[in-house]
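Have a look at the structure that comes next, please.
Note that the chains take the letters A, B, C and D in the order they are written out, and that residue 1 is the start of every chain.
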Amino acid sequence: MNTSPDFQAVLDDIVHTLGPEAGREGQVARYIPALARVDATRFGIALRTCDGREAVAGDGDVPFSIQSISKLFSLTLAMRHMPEAALWARIGREPSGNPFNSLVQLESEQGKPRNPFINAGAIAVADRIVDLYGADARGTLRGFLSHLAGEPVDFDEEVAASEAASGHRNLALAHFMKSFGKLDHPVAEVLDLYFHQCALAMSCRQLARAASYLSRDGAHPDHADERVVTERQTRRINALMLTCGTYDAAGEFAFRIGLPCKSGVGGGIVAVVPDRLTLCVWSPALDATGNSHLGMKALEMFVARTGLSVF
Amino acid sequence: MNTSPDFQAVLDDIVHTLGPEAGREGQVARYIPALARVDATRFGIALRTCDGREAVAGDGDVPFSIQSISKLFSLTLAMRHMPEAALWARIGREPSGNPFNSLVQLESEQGKPRNPFINAGAIAVADRIVDLYGADARGTLRGFLSHLAGEPVDFDEEVAASEAASGHRNLALAHFMKSFGKLDHPVAEVLDLYFHQCALAMSCRQLARAASYLSRDGAHPDHADERVVTERQTRRINALMLTCGTYDAAGEFAFRIGLPCKSGVGGGIVAVVPDRLTLCVWSPALDATGNSHLGMKALEMFVARTGLSVF
Amino acid sequence: MNTSPDFQAVLDDIVHTLGPEAGREGQVARYIPALARVDATRFGIALRTCDGREAVAGDGDVPFSIQSISKLFSLTLAMRHMPEAALWARIGREPSGNPFNSLVQLESEQGKPRNPFINAGAIAVADRIVDLYGADARGTLRGFLSHLAGEPVDFDEEVAASEAASGHRNLALAHFMKSFGKLDHPVAEVLDLYFHQCALAMSCRQLARAASYLSRDGAHPDHADERVVTERQTRRINALMLTCGTYDAAGEFAFRIGLPCKSGVGGGIVAVVPDRLTLCVWSPALDATGNSHLGMKALEMFVARTGLSVF
Amino acid sequence: MNTSPDFQAVLDDIVHTLGPEAGREGQVARYIPALARVDATRFGIALRTCDGREAVAGDGDVPFSIQSISKLFSLTLAMRHMPEAALWARIGREPSGNPFNSLVQLESEQGKPRNPFINAGAIAVADRIVDLYGADARGTLRGFLSHLAGEPVDFDEEVAASEAASGHRNLALAHFMKSFGKLDHPVAEVLDLYFHQCALAMSCRQLARAASYLSRDGAHPDHADERVVTERQTRRINALMLTCGTYDAAGEFAFRIGLPCKSGVGGGIVAVVPDRLTLCVWSPALDATGNSHLGMKALEMFVARTGLSVF
């Protein structure tokens, strides 16, 4: 485990081996047209080591809709700029044990979402970011991602508009939290940020780079002296990813892959090997839990080949 | 039970006996200012026999916010003007067994409310009425109530505006049903009707009169030849009132009172003695189940004095 | 509604009309062999007016396993012999809103069953009867039923033994209540009574007769001067039947039939028309809610023909 | 993080710093007398590195009731001796998101427990061990623990008898699973094993030693050539501990401590630093989640001092 594998060869091998399966199992998210028409045979992978080397294979440079992966970065932004105690007063830290949109636990816990990676929790985080930045919230988040990725990233406005038009469940979640006094800002304003963050378009390479601080004890991907979050916060984010990052399959991911992961219904999954590297895989067809079917297989193969796992 | 009691004397006695307790137990609804400032010591009662005699006591001619009692009339309007099968395809007929605003069962039943008297069910009924009458929905409902009451009744616009301003939970319910494809019309339009129907201001006498068709096999309060709903529909509405009409206390009402009842958080309760009379009592202070504390005691006393009960 | 119909003709007509459908829809209970082998084409009906006239048609004199109908009589026995307040401290009075064996609400309500007609509630009632009669509990209950039916009735020991052998869900319920301190007597002793009461074998005629006090303000079927329960208790039992007597279909029964009913998975249903008559129908094939499919249709037809309904 | 700290000094410091707090917060488990009378001021800690060095401080050599920590070893025994696919067909791998004894999810998932560390899951594992060893199940488990600990360990028969006498909730769980056909062996036999495994008495040192294979890629604590489980299975067990090992506080443990942990209501917690060491801490007073209050603080301090964490 201690000699560095030839990561480019590992990624090439994964794309070579699994690529032909892309789109054969699972289903592309269909709730908005812009996602439904994504080519299900796309398959990309990229990694960045904590000392800055990168490897990319397949469609690893093709931008896709990051969707719930954005929750990782919005949480980081909130942890970076507000007192953690105030943040965690609004949002729990336990796995949900229920489908990712469930209102049940939100009701039994008086509007406090179980964790920042379920939709309700991410909406609560968005409310905190609106609180910090007001009308600049969207721009600040985009700027933060661009700063981490080392190049400009942007919203796909068509996706954002579609999310808003079909977002009745998220409207329900937001109004429900509002009814418990757990959102400070108007639902429309909070959801505008939330729908936009989900609509960020980034490639595997950009995401591996942007998440790199999670494998670098919180240091900026390119500047060891610029701290994105503290070492302790980094550990905490990784822990949250492992216990809550993949909808209702966190136990399965931990069991089969053993790495902190955050997935999105766009088919992307970001994974972290602390002190070693960050990895991002993309394949749009999802399994029944809402996670990329082939993405999960690719991560399993990566762990099997490299022996990298937190356990 | 067969000789007609002196109803005026019974009502006078109830007001005389229980009136001094008004406001001592329970709490006036506080979620909007217009309800919170209602005088908790108000206590009114009125009845109308199926042959048109009326008795009124206490504050029985003072208008109050009918709130959920309106669900009785909106359901009647929908049953009257659309095929029942189409109506019941959208809404269930079982008691909820859960607090009246619960989203839990709505989720497990894919957006189909358990019955037309929980909020979600009444919103689904409102969607049907918008479907029938479009922009005239509000006016049609007000006209229907005026026609039943025999005199004009109107919305309290301050209450309607307050309901809308604080209605996040109902917004959550509506968007949630919308996300399941169970509302056809825009949430804003449906809730505008819903918030207005809850804001109708009527007195006990007006409500006893308006509900009179429920004790007359469906015949209009004043015109035996005008059928509001059929005899069979009348029985069905009474059955729904008995099993679902008083939030999470339907079993308790059936057990202690034994009459079909529909209550509202404004403190009113309408009760029906089929083939005999309708009764309305009003006392604003609510018990923990959201029903008028003194209203329930008044109904118990009425049943004890008159022996009238369906069982 | 006030002239007495020719009840024998009504029952004959129901059997003539519906009899050919017997066993075509629904499924006989299969969880124990003794129930599974019952002939699904059996169809019986019987009634007894409050002044003692009887009418019987089809298999109305064939004994069957009364199953949950026994809960009606065990509740009556407990109400008759212990202070009601003590009884209702252990058992709620609200419809369950959930499948009849659900442990969910039992957990959220700390081991207090929602009502005496769900399994957990009937087990809690059985615990009270063991408390009253100890080793004579079984004999007392059988004696009570025989006294009401006017002739000896007995347990089907094969059914009782099968219930015990396959009763893991009821064992789970009982131990669960025991863990909350809500059963005073040993689980084995309480369930011995419960499994036996479910295994009572009675005919429609016997059940119509035994339940007759419910249409007679509590007076014994044959002796107006012997009160089984008080008039007020009678109303309460009828109310509980209407809101909770038919598993998760109480709303549907109230809506379509409008009479207090208690059903059992043996295919029997007892119905009450207060001040008029009691009725029992039997057809073993059950619908998805666990109620007799044809029994429910027979009751609908009876109400349509006679106009008898509480609403 | 890479030079080995002086572990004895770290443990001594933890005992010195936190020892005075022992018993001040939280409550000793009270559901059986043998646990209720444990001295709440006890505080022990021990570790064993993967190369066999040990450090012990405070009451680290005092045996206590390992309770749910036994679930770790019974799962290991089952994984070692039966095909994993057959095991996981019976038991899930997701965090429960609910209190550890909840019947709710067991009901909604047809008797399949969410994971092997909730009570229902451990009972399902016990059923598998009874299946493998029949009448020798108890002896085999004790022998396995003794073999891992390097010295004989034994059941506290008083505790086992008390567990059995007060075990109504576990009886409910077992009968409930049995009703779904998810236990093959008699409830009494399965629970006899389960109550005994919970009643094993071991010290922190013995537990740190017995769990040592979890930090050694599955190799026996003392014999590198004897594999307890495979390297892959070891990772999986560690992953399950991290996501499911501490009742309803797994997210909190991951967030604050970041190590795979398994706790018991006896006040013990076993933690694993893969490739480094295993650690066991004991303090009988529990917090609201059922985990040792001081034990959790001790683990936090250990992580803070040593920098050891999987993230």
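As a working rule, contacts are C-beta pairs under 8 Å (C-beta built on N, C-alpha and C of every residue); 3 or more make two chains touch, one makes a residue touch a chain.
Because the structure is a prediction, the values reported are computed rather than measured.
> Both chain C and chain D are touched by which chains?
Chains touching both chain C and chain D: none.
> Same residues or different residues where chain A meets chain B? The copies count as same if more than half of the interface numbers are shared.
same
> Approximately how many whole Å separate the CA-defined centres of chain B and chain C?
Inter-chain centre distance comes to 32 Å.
> Just give me the whole-number Å value for how far the CA centre of chain A lies from that of chain B.
48
> Counting in whole Å, what is the centre-to-centre distance of chain A and chain C, each centre being its mean C-alpha position?
Averaging C-alpha atoms per chain gives centres 56 Å apart.
> For chain C, which residues are shared contacts with two or more other chains?
Nothing qualifies.
> Inside the complex, what are the residues of chain A that reach chain D?
Touch residues, chain A against chain D: 92-98, 105, 114-115, 234-236, 238-240, 242-244, 248-252, 254-256, 258, 260, 274, 309-311.
> Can you name the residues of chain D that touch chain C in the complex?
102-104, 107, 168-169, 171-176, 178-179, 187
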